[in-house]
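Shared between the two complexes below is chain A, which has chain B as its partner in the first and chain C in the second.
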Partner chain A sequence: MIKKTSIRRFFADNVVVIIFLVLTAAATPVSGLSAGYIVQEILTRIGRNSFLVFSLILPVMAGMGLNFGMVLGAMAGEIGLIFAVDWNIIGVPGLIFANLVGLPIAIFLGWLCGEVLNRARGREMVTGFILGFFMDGIYQFVVLYLMGSVIPMRSAAITLSRGYGIRNTLNLDSVRQSLDDLLMVKLFGINLPIATYLIIILLCVFIIWFRKTKLGQDMRAIGQDQIVSNASGIPVARTRVIAIIISTILAMVGQIIFLQNMGNMATYNAHRQTGFFAVAAILVGGASVTKATIPNVFIGVVLLHLMYIVMPRAGAQLFGSAQIGEYFRDAFSYGAIALALVLHAWRKMRGVEIDRAGLRQGVASAAPLEAIEPIKEDTL
Partner chain B sequence: MPNDTPLLSLEGISKDFYGNSVLADVSFSVGKGQIVGLVGENGAGKTTLMRILFGMPVIAETGGFGGSIKLDGQEVFFKSPFDALDAGIGMVHQEFSLIPGFSTTENIALNREAMKANFACDIFGDRMSVLDRVTMRGRAEKAIKRLGVKLDPDMLVSEMPVGHKQFTEIAREINRENVKLLVLDEPTAVLTESEAEILLKSLRHLADQGISIIFISHRLHEVTTLADSIVVLRDGLVVKDTPAKGVSVRDIASWMVGRSVEAKRTDRSGRDIGDEILVFDKLWVDMPGETVKDVNLSVRKGEILGIGGLAGQGKLGIPNGVMGLYPAGGSVRFKGKDVPLNDPRRALELGMAFVSEDRRGVGLLLDEPLDWNIGFTAMQIRGDYLRSYLGGLVKLRDEEALKKLSQEYIELLSIKCTGAKQRAKELSGGNQQKICLAKAFALKPTLLFVSEPTRGIDVGAKELVLQSLRHYNRDFGTTIVMVSSELEELRSICDRVAIVDEGSIAGILLPDADISDFGLLMAGEARKEAADAKA
Partner chain C sequence: MQKLKEFVTDFGLPRIIIFFFLIGLFVAAPFVGVRIDTSISDVLNRFGQNAILVLALVPMVQSGCGLNFGLPVGIIAGLLGGTLAMQLGLSGWLGFAGALAISMPFAILMGWLYGQLLNRVKGDEMTIAMYVGFSMVTFFSILWLLLPYSNPTMVWGYAGQGLRTTITLDNYWGQILNNFLSVRIGESFFIPTGMILFVLLCALIVYLFFRSKTGTAMTAVGSNPDFARAGGVSVDKMRTISVIVSTMLGAIGILVYQQSYGFIQLYQGPLYMAFPAVAALLIGGASVNKASMVNVLVGTLLFQGILTMTPSVINSVLKTDMSEVLRIVLSNGMILYALTRKTKVSK
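For the complex of A and B:
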């Protein structure tokens, strides 16, 4: 009996992960891709994407849900890269420069986003989502009109021929894969970007350490009960803003790592899907709106991207069209987000239902509590 | 000890909210290591008094208070609860304020964690220091030991039995180094009897270590066994401040509720009180804050039955559950037929009507005119005041009939308004209540639930509302179940009064029963003593 319910519970808690496991397990052999190719792709994509996904952990811990507002950080990172390319700073110094330019922008946008979310408590996710759209407009205004007219641009290669505004596609050759190539190790014919991995490991260590700090403890407390935290003197609003600022900064760094790996940047589109992909990844990895861990990030990135790799090929093999596979993978990623959100609401309702069960048989059913043993006087 | 300055003394505390006096000249003192039991009905002013003591912002926002608070002989002014905490006053609230996913230790140390500084603190401040879990655990164990109980410092709150949560909460308050005074608001309300006993023991243990305690409870026998002295508040006045020695539960009960109003049995002439019409069997209702756990009760045809009790014990849950407004279970039989629960429409169709305590939320369509308000439920449920066209395909409001109906009730209940087309939100509270009554009357119910009919309306209107209920019962033989916090009101109009305590019926009394009996039932005392009233 107990075993049966615990199996069912395990299934209910991990249903998103299980669905993705089954899907990719079925699609992988069909795709006909070699194991070596798949492993290489996955390892590359871990380096490329996981930093972005990590930026979601802190806001979840602080009870603010999945931070769709991380898109703001991605925009800050892109602005940093535009300047790095414009000033023609090459290689890793170029990436560091991009981070330095992006940092104050990310802090400002993070603060703004945090303040807005504090005014929309309980609706953080949808507010962050819409805030991303709004900021996209501002970003377009800055990059398309101000850059080259108000903000001086030096390189004619990246500005539009009309003299102001940045070109649709930005060639990142000057910094392309500079971080990945910094310490590239070839093992059994597979390329491992060790420097990128080291940075990701460093971030993991930071998150583990951060959880142990006073600020981390406060965030966990706030994530569970804002009223109680406030009553015990924890500055709730401020702490929530800090969580969002850190998340935005991490998203900025993550976007720079992502783009240096890609090697070019769709100036006006690169950030549009960032939030969606990161959220899909962490949910596929088994996280929920209220709980996200480091393993969730890695499992999610591996599973989601495994699907991205094999689905188009599987579609091509089965239906003669890669397009169908692409439709499938998009549908499943959106489906994962919807399913995870529905499951979260369902679990909440089930909690209320369980609490109510105590009432059903009247007073007598109030669960017998274990008595507290008093300690004898002399032991004190 | 008697010659020492008391730890805390309240002198002449008075407070009014917009001219409505809730505390008048309240004075008492608490000595070092002394336990004071503070007793009073809902609305007696206990909560306001504690808010003043804690410097809650709401007090200053509503014009401050009169009198003075002295701690160790020094007059103190608290601007916020944190000032009170710094001065060594700890408060344990009725609702748990614990973080569910944290362990006992983490909760006890909440926002007072022991910390180890590191390099990051120099740049980003103290909040970057790492928690010192060993020290935290040590302190938590010390606090638990001081309480004299056994608690697992590593257990998560969400997995704890209720009793452990209560102890964790108290341990958190005494974890402060300087704590001198603990205020406990209904600490035993959620505990089982054996747990409550252990709690009382450990409170005594704390008092022996020199911590003073203000103990607020409705469980009077706990107050008499634990407290050194007892302060009884009624209507904002200290009616009794006495050493606990020799005081009986019955004494306190009568001080608590005692008013010198003549209550007499209701006039039965010309009324026909018949057999059981409505029977509750093991009714439970999940209404937040007013949970009903196990109500067994029968209502006789033609009577006015009162349901009283302290706030939060579940009296409001009963009508709300039967009428399907909150999730409910168990069985309710009306005129021998089972009432389907969680289905407001069926309940209304069976001939029951409900005047809600939530006048503006549930009771009225605030932006609509009076005649619509009065006729609304009757239109929906009975199809009255509608005109059929095209063989019933189209139904339109019968404005004429509605107008007549509203005129009738406006006169009958003497509702003060400009006319049947005035909007409901423009009326005063008392007149709105009358509209709610008219709406229920228009249904011509066999049984009428009335919940808090006189809440928030002035004295004159109160009497009119009660009068109209009385007349409606007499003229139409309608059975009325009236739920009210005001015991006097129940005693003045009802044939029998049932008292609800902890979600079930503690006992049923006749209105002229001794006032202390009502007090005992409300305080959850002497359930067995409660004599079944014979109607």
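For the complex of A and C:
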């Protein structure tokens, strides 16, 4: 009996991962893509995307849910890159320059986001999502109207012909894959961007170390219970803001790594999907709103992107239309996010009911049995 | 002075700014060569188009489910009704009525399922609703390609299957409500009377619904679920009903929108449709847990007014199209304002 429930628990905890695993396992052979191609793509995409996904971990730790406001960091990174291209700083120094320009912007935006989220406790996720939309408007205003008119731009090649505003697509030739190529190792015909991987490993080490610091412990305590943390002298509001600032900075660096690998940047659209992909990846990797670990990031990036690689081809093979495959993967990514959020909210509500049943125990002994029994059944 | 201050905090400074901004736009319009009569006709038309979609948010706000970012669920039901009515070859009034009739069972079914889901995730409705909406839109994108529609005006010409991204309603029921009893004065002044009346009728029905026993119980659930339960009201049942009503209104809303717009937009079209509706409701003075008919009508009028007036007026003044930026900042800023406001105990 115990074994049976533990298997169920495992399924219940990992249902999103399992669905994705089954789905991609079924679609991969159908797509007819070669193993070499898939492995190469996955390895590239780990380098490209995982840094961005890592930026979500700290706010989850601090109990703020999935930080949809990470898009703000992505915007800061894009502004940094615009200046790096404008000043024509080539290669890795260009990337460092972009980070230096983006850093103060990311800190400011992170602080702003943290303050806003502190005013919307209990609905941080939806607020962060809308904040991303809102800032998209401000970003457009700055990049499309202020750059070149108020903010001096040196290069005519990146401004619109009317004299101000940045072009729709920014060519990142000067920094394209400079980080990836810094230490590119070819192994069995597969390119490994070691320098990018090293930076990601460094970030993992940072996160593991950070958890053990005073600040990291404070964040975890706040994630457990804000009221108790406050009573024990942890500055709750301030610590939450710091979690968001760090997350925003990481998202900025992540977006720069992402874009240097892509090689060009859709000036006004590049950040629109960033939050969606990062959140989908970490949830597909088995994270929840309150728990996210380093393995979740890697599993998620591999699974989600495996699906993004194979699905259009599988759709083309099965239905004769790649479009169906594309809608299919979008539907499943949105569905995965919805499912993960639902499961978590559901479990949280069950938890409240258990607490309530526990309170009733003194009054009526029959109630808790009734209340607890379906929990095991329904966690599936 | 004290009273004025109270009114400002009660109504919200952003709303007052938006209100005066709109007045300012109308005052400035003639000086920059924008015709007032065309502008008013446009505002009225867009008001009619969008009002029912905004109205669709009210039941869920009242029952405590929060802002219905999952409005696309209702929209999908409406799209199903519209496309099926076209497939059956219904046109004119019969077509529009048929589309409404066909969409209702879908809306009730989907609304019921959606309500069941939301009842299990109390407290996290908004984020989840958003993603349920997104999933529905993308899932139905697949179905629009696969379902066996065959009416040649609807499917892609060369493949003979799969619905077009936009389907014209020209020979079906395009503009049918707009033209009903419509008033045209001169070249550029046009009142879509039929559509406005239809909107007001829907608003009246919803208003009366909230005066009924069920409606009162629903408001009670939204105001204080524990009291409502103590008073013998089934919280889950009321919430489910509110979601179903919301979904049905969403379906009606999109059909009214489309007949005025003249096209059915499929695939990713409805993906972000909930956000402007939410913004309009909030601009009208609603909060996350309180909304009235006045909020709907005033909000839609203000929001659509600004959307109509800014491109023409601002463009003539600044010689550049800033309206898109303004729209994004305004609508999302309003939602942010509502979400970050301390939820006040209802009066």
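Everything that follows uses one rule, which is that the second predicted complex is superposed on the first by the 351 of 380 C-alpha atoms of A that agree within 3 Å, B and C clash if a C-alpha of one lies under 4 Å from a C-alpha of the other, contacts with A are read in each partner's own complex, and residues count from 1 in each chain.
Quick note on the criterion: a residue touches a chain if its C-beta (ideal position, glycine included) is under 8 Å from a C-beta of that chain, and two chains touch if they have at least 3 such contacts.
This one's a predicted model, so the numbers in the text were calculated from it and none came from an experiment.
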{"item": "Partner chain(s) touched by A:Phe328 [first = chain B, second = chain C, both, neither]", "value": "second"}
{"item": "First (chain B), second (chain C), both or neither touched by A:Asn88", "value": "neither"}
{"item": "Touching partner for A:Asp136 - first (chain B), second (chain C), both, neither", "value": "second"}
{"item": "Partner chain in contact with A:Gln217 - chain B first, chain C second, else both or neither", "value": "first"}
{"item": "Chain B versus chain C as contact partner of A:Asn269, first or second or both or neither", "value": "neither"}
{"item": "Chain C to chain A touching residues, read off their complex", "value": "69, 117, 120-124, 126-128, 130-132, 134-135, 138-139, 141-142, 145-146, 162, 267, 275, 320, 322, 324-329, 332-333, 335-336, 339-342"}
{"item": "Touching residues on chain A, where the partner in the complex is chain C", "value": "65, 116, 119-120, 122-123, 125-127, 129-131, 133-134, 136-138, 140-141, 144-145, 319, 321, 323-324, 327-328, 330-331, 334-335, 337-338, 341-342, 344-346, 348-349"}
{"item": "Residues on chain B engaged by chain A in the complex (per definition of touch)", "value": "81-82, 97-102, 106, 110-111, 113, 115, 120, 126-131, 145, 148-151, 161-164, 167, 192, 194-195, 198, 201-202, 282, 284-286, 291-294, 327, 329-330, 502-504"}
{"item": "Interface residues, chain A side, partner chain B - complex", "value": "209, 212-215, 217-218, 220-221, 224-225, 227-229, 231-234, 356, 359-364, 366, 369-375, 377, 380"}
